[in-house]
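Presented below are the structures under discussion, each in the form of structure tokens.
Below are two complexes that have subunit A in common, paired first with subunit B and then with subunit C.
Entry: the complex of A and B
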């Protein structure tokens, strides 16, 4: 699968929540887009990622 | 009566919108407090593994967050970023920033009008960053903008109010708050913008590139307050020529 534009091949099945936690982020400080659609936070533990999924994980940073 | 800045359905006492970029996370709190800011801007970026700590831990509680759509090159990208920003759970304010020009970083008014219409329709409180153009600003107002944010000079340039006359036209002709965003480099320039009737000033680089960053935030706060008070007081007239004595012209100690 693609995560933030980079290839990722997890050894075992992962939910969106697993993926977020694996980046060292807290789920309530990120927003996730799965194949172009925003995933509501409550869905993170329920969605199992597939091989051809494309995921974007974003958060706030300093900016003007 | 309290002098409040009204943006959409929100009310603010401070008229200083502070950016949070280009200085360390550790300094964020001191900058916001010294600046007396009630609104802080943020950007949305990819959260990669091993990334930096979360800026939300460093911004004082109670501040209103104003995410921007920086990185967007057209309306579609700005809408996507706005939706992600709202999903991050910090309210519905959004500063639309759409830039296609990588040299001068000037905003694209046409795409910005499109994004304003769609995001206002989605319930956002929309604050478009724009080139100071009255007819584009009117289109943004019609599209549902809650304020307009014309630039004083290119982003990050610290060149000041180069577009002063065009911003004044917008202040005179629009019913929306006009907030100078980008280019303001010194407190005196922020003060001048406020004196002529801007509703607020947004600054980031001017503070981030200062020698003493928190102290410069305070200097801006004071300048913005002074400029606002001067605007409300109504600046005095300017003589076309000659002078006019301030002291009485009678009772001189001479024969």
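Entry: the complex of A and C
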């Protein structure tokens, strides 16, 4: 699969939540787009990623 | 004496061209959060001719806001929505400002911002930023989002960047959390980020792309 433009081949099946955590990010501080569509936060633990998926993860930092 | 509405319109058309002014003045722009980013974005867009702003913030102006937010000492203790409206109407008394003094949540966001062309995410807490952006992208189809992420400290002006990350999401900043940054949030760098965001709004309105 592609994650933020880079190839990633996980050894075991991963949910969106697993992927976000594996990048060191906090799931409540990100937005995730899967194949061009926003993923609702509640769906992160329920969606199993597939080989041909393309994922974009944006993390947010403090200050404004 | 205040200039008339027609005089102001004519001045903006003269400066920006009637075509550009038309596109900016008819747009509906939302600003969520009226701190260092939001209060300054609102003023910049109003100077640029934006005439329909929907603003939201639950807070009042505090003395510690004056270092970077677009308020004056006499605003301390005033709702940020009221203080922002007052500042904006000194620039354009004829514009429409829809004020929402509320804490934004997934239930009220679609009703407040659903009719906007573009919404600026100008919160300061990461989880709140994520909540707002996720709600807008999920529940307000067609609304584009400009978000600020990382603008603390001083120097490193060129580290503040504009990036399109999702189809309808543009991120502005250096991606560095304010925690531990020397000087904390300071006016010049917060304004650089606010200007990136206001600039994205105008580019999206005029070109469909920054």
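Keep this in mind: the second predicted complex is superposed on the first by the 60 of 64 C-alpha atoms of A that agree within 3 Å, B and C clash if a C-alpha of one lies under 4 Å from a C-alpha of the other, contacts with A are read in each partner's own complex, and residues count from 1 in each chain.
One rule holds in what follows: a residue touches a chain if its C-beta (ideal position, glycine included) is under 8 Å from a C-beta of that chain, and two chains touch if they have at least 3 such contacts.
These numbers come from a predicted model, not from an experiment.
Of the two partner chains placed by the overlay, only subunit B lies in contact with A:23; subunit C stays clear of it.
Between subunit B and subunit C, it is B that contacts the larger number of residues in subunit A.
Judged by the touch definition given at the top, the superposed model places A:11 against neither subunit B nor subunit C.
Residue overlap on subunit A between its contacts with subunit B in one complex and with subunit C in the other: 26, 28-31, 33, 38, 40-41, 56, 58-64.
Every residue of subunit C that touches subunit A in the complex is listed here, in rising order: 33, 35-38, 122-127, 129-130, 133-134, 137-138, 147-152, 165-167, 169, 171, 173, 175-179, 181, 185, 190. Contacts from subunit A toward subunit C in the complex involve residues 26, 28-31, 33, 36, 38, 40-41, 56, 58-64.
Chain contact summary for the complex, subunit A toward subunit B: residues 4-5, 22-26, 28-31, 33, 38, 40-41, 56-64. Contacts from subunit B toward subunit A in the complex involve residues 19-23, 25, 28, 41-52, 54-56, 65, 67-68, 70, 80, 83-85, 87-90, 155-156, 182, 202, 204-205.
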